[in-house]
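The same chain A turns up in both complexes below, where it pairs with chain B and then with chain C.
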Partner chain A sequence: MRRKTKAKLKKGLSVVYCSLIYLFLFLPIFVIAANSFNATTTKPYLTWKGFSLMWYGKLFDNTTLLQSFGNTMAIAFASTAISVIIGTLAAVGMYKYKFKGKSVIDALLYIPVVIPEIVLGISLLTLFSNVNIPRGMITLILAHATFSIPFVVFNIRARLSGYDNSIEEASMDLGASRISTFFNITLPVLAPGIFGGGVLAFTLSIDDVIISYFTNGQTKTFPLKVMESIKSGVSPDINALSVLILLGTMAVVFITQSGILNKKDRRN
Partner chain B sequence: MTKHNFRSNTLPSVIMVGPVVLWLVFFIAIPLLYVAVMSFCSIDESYNIVFRFTTVNYKRLCDINYVQIYGQSILIAVLTTIVCILLAYPFSFLIARTTSKSKAFLYMLVIIPFWTNSLIRIYGWRTFLGTSGWLNMLLMKIGLVDSPVNMLFKRGTTVLGMVYCLFPYMVLPLYTAIEKLDKSLLEASSDLGAKGPQTFFRVILPLTSSGIFSGSIMVFIPTLGYFFVSDILGGGNSDVIGNLIERQFQSGNNWPLGAALSIILIVITLLLVKLYQKCGGDMESLGV
Partner chain C sequence: MMDKNVIVSIKNVNKIYGGENHVVKDLNLDVYEGEFLTLLGSSGCGKTTTLRMIAGFEEITSGSITVEGEDIANKEPFERNVNTVFQSYALFPHMTIYDNVAYGLKMKKTSKEEIAKRVPEMLDLVQLGGFEKRYPSQLSGGQKQRVAIARALINRPRVLLLDEPLGALDLKLRKQMQLELKRLQRRLNITFIYVTHDQEEALSMSDRIAIMNNGVLEQVDVPEKIYEEPQTQFVATFIGETNIFEGCIESINGNNVGITLESGSVTAQTDRQFECGELVILSIRPERIRYSESPVEGFNLRGKIKEQVYVGSVLKTIIVLPNGHEVRLERLAGQKIPVSGDVYVYWAPSDIKVIHSDSNNIFKALDNIVLG
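Our next item is the complex of A and B:
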């Protein structure tokens, strides 16, 4: 009997503990969401003036804000595409072929993962200003692809460790060319890794503050727009857009991941 | 083997690995080398970089005002890492060992907040902790304080923001390490008469230390550079090395000095990664 109450107590405590951690993680999001319904119109938009959906309407009149969100999405898609293509080729190539200097490539790949982002940001800034690439959309895409490529490579490499080379040999023995083997055999097998790496690259890109801050020029991404507005008080239309982005991402991820998550669950 | 084999593999390997090599050389190796070179340069009156060897920037790095910020920065990073371990370890343990079907969901719940931009979430904390924020309202309502308490712009608020931003980077490796833990070892330990704490310190902790190491690396190093957290929550009272660098590349306009400051961060990173590898840390667990 005592043992049972003790176990119950233990379970209760762990539920309370985990709930507190989740509260910690979600608290600022509740604050942001609550303030998106704030009817206030005076800076710094912190006093509660009653419930209103007005900022969700105003959001669609704020063209510079919408433009910044458009930039963020365009940069995320472009840099994800680049990093997925280069990263997939690199991961497969480094797995299949033996050549000198592999450890050097590996070391270079680890740099963006471990080094503080600000160092990568300023080093790209010095590069872009030195070779006279005007800072803007292009430099942002190049910079985002640079920090995303390693994550794509590592994600795919994790799937490659159990990869059976003989199916490629079989394909070529049966007369398929290297290229058609790559597209018909290698890519489908690696698809989950490529997809996971792509999702990671995309999320890293839309949330990036530090590297964008140094490489953006006049082009504003959504995070940079937030940064700019923090000095004068973030207006609730930015909160409204954040809430919509969060809901949008949740919808997309739950739809695409639900299948994958279920499979993972069963394996465990 | 045969010459034929060699020849047939060269072209495909160049096609596959060539792009990444070019990319890494052009966008990582060359810029970092350039920063290293720049750190030995100086600027003229109109802020142009003068490419003549000088150690003037490194001498300025020893300025007492800077040294204080390195110290503060490392203190903030140490505190952030410790708080992250203490909060994340029990949490990851409970999540990873849960037998309920909602395990994947519980794990996802850690990631979801990070789909909202980190700046606005840090601003959310500022709103929450501010003098007219929810926390002060609550404290006044229950009568704990009479007037709003200023909780912002202290070193502690910066640590809170850092912990908040980097918490999942501690949970992820811990979760992986704990999930790998073989349950039968725990049973064996208790069958052999070990008490709870004994099992924890002599079986569980050593077996999951790899997760603690990689989590610590992934929390400690970024903390030194996250200038926006100390900007928003610390209000200039708890700058980290990142703030010093940011100032030189924006308002200060002394790029060579900023470059020298970045070299400090590079050196710290290299030392910690070497230490991590010496402790048996695996680079791959830092990746994803």
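Our next item is the complex of A and C:
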């Protein structure tokens, strides 16, 4: 009898514990979502004045905010493309070939990951001004690619650890040239790793503040814009955009997850 | 054998990895059109390396390989008219069985209709009809192996290279696949170069067996010859169960030689040349050894019966010689002979193989060192 109540208590406690964790994780998101529907028009936009979609309407009049969001998306796509291409070639090359100094290059890959972002930001700024690249979209894209590449490499390398080199030999044995083997075999087999690395690079780019702050020049990204406006209290149109981004992200995650899961069970 | 065409010719081929690891040593081997040739040897002896040189995945350090009379040294793997079945199957995990098998044809730009006709045919041939839409991970080991074979065979190669294709399968499946492979090879009349370390597999499937030891080709022959007439000490001990005696040539009388062993003396018949005093290895199969309760002329080898057991239909006997050496005998089950005292071991002189001992070389080398 006592044991039963004890077990019940245990179970009850763990339910409470889990609920608290999830509350802790999701409460801020809920607050933002709720506030984006807040009908208040007076700063600091925090008291609840009833439900309204007016901030979503206002959002589409706020051209600077929308433009900063456009910049963010453009930078994310471009830097993801660059880091995926460079990262894939680097990962495959480092997996396949033995060369002098490989371990050094290997170790150096971790530096952009562990180095404080502020140091990387300053370094990039110094570099860009020394070689005279005007700060703006270009430097933002280059900077984002810089910190994304190692993540792409790591992701693909994880995939390569279970990779059977002989499938490439089999492909050539069956008459495929090296290039055609790369596109028919290597790339598709590594695709989940490449895709995962790409998604990571994309998300890293979208919410980067510190490194962007050093390398943006006059160009505003969405996170920078939010940072800027925070001084005057977060206006609910930013909340509205955040909610839309959140929904977009969730949709992407949902689609890719179900896609990957479908594929998973037919791979070795 | 003489009237057959040579399809793969390996001449003085050496492979040295990294400048010092000499893995294949002066290999000479002619493979005939349509034959099933097995490269047999223990693991690490250079079989895979040899196969990979033929396929084009490994450069030849020196020597030459020709396929259908053409030197292949400068041909890329995808330009060679040989196909490989890999030990790890190496199926493309992201493609269906259909696409796996069709791959070679697609690379050769075969028409869609032709592919659609030949792939199911090929799958039927390896008894995998209806598996077209599956992915490799949805197949068992034996099925994967069949896909690998179908994928290679659909290109109608002149030569098929198989690297321990059945190595990963369990015994029962392996036996079954051995038969199927042999049947396929006969039916399609394709030259097979088959690598295995399993001597039983080699003996049961091959037209000829090439035995490798440490990168050296020891003997190439039909299975019966390999079994009955091993040319070297390695072949004698590697193939089948055998009794090995070390001895010294005592007398030579035409083809008959008298040999002194540690535990006695025996007689053998041989058509090879020996010198008196030469160290030799004697090899005799368990089923060829006899014993009697009274001495036999020409033999003086006494021992005691240690054990007699029936294994299936075979009676196995172990006789211990005075020096502790055990002699194994086998015969189709007759009566157990209750022998308590000493028995005399003998054999028909023509049943035992006399082989030059590798130790002679060591002694010669020692002589050279000692005597200058």
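Keep in mind that, in the parts below, the second predicted complex is superposed on the first by the 256 of 268 C-alpha atoms of A that agree within 3 Å, B and C clash if a C-alpha of one lies under 4 Å from a C-alpha of the other, contacts with A are read in each partner's own complex, and residues count from 1 in each chain.
Rule of thumb we're sticking to: a contact is a pair of C-beta atoms (placed from the backbone, for glycine too) under 8 Å apart; a residue touches a chain by one contact, two chains touch by 3 or more.
None of the values given here were measured: they were computed from a predicted structure.
In the overlay built on the shared chain, the residue A:194 is in contact with neither chain B nor chain C. Of the two partner chains placed by superposition, only chain B is touched by A:230; chain C is not. Of the two partner chains placed around the shared chain by superposition, chain C is the only one that A:172 touches, whereas chain B remains out of contact.
With both structures placed on the common chain, the touch criterion links A:164 to chain C but leaves chain B unconnected.
Contacts of A:185 after superposition on the shared chain: chain C is touched, whereas chain B is not.
When the two complexes are superposed, the chain touching more residues of chain A, out of chain B and chain C, is B. By the touch criterion defined above, A:29 reaches chain B but does not reach chain C. Across the two superposed structures, the residue set of chain A contacted by chain B and also by chain C is 265, 268. For chain A in complex with chain B, the touching residues are 14, 17-18, 21-22, 24-29, 31-32, 35, 46-47, 85-87, 89-90, 92-94, 96-97, 99, 105-106, 108-120, 122-127, 130, 142-143, 145-146, 149-151, 153-155, 157-158, 178, 200, 203, 206-207, 209-210, 213-214, 222-223, 226-227, 230, 234, 238-239, 242, 245-246, 249-250, 253, 257, 261, 264-265, 268. Those residues of chain C that touch chain A in the complex are listed here as 55-57, 76-78, 82-84, 86, 88, 90-94, 103-104, 107-108, 135-138, 151-152, 155.
Residues 9, 12-13, 15-17, 19-21, 23-25, 27-32, 34-35, 38, 87, 90-91, 94-95, 101, 103-106, 108-110, 112-125, 127-128, 130, 132-134, 164, 167, 217, 221-222, 224-228, 232, 242, 245-246, 249, 255, 258-259, 262, 265-266, 269, 273, 283-284, 286-288 of chain B are the ones touching chain A in the complex. Within the complex formed with chain C, the residues of chain A that make contact are 164, 166-167, 169-177, 180, 184-185, 188-189, 191, 265-268.
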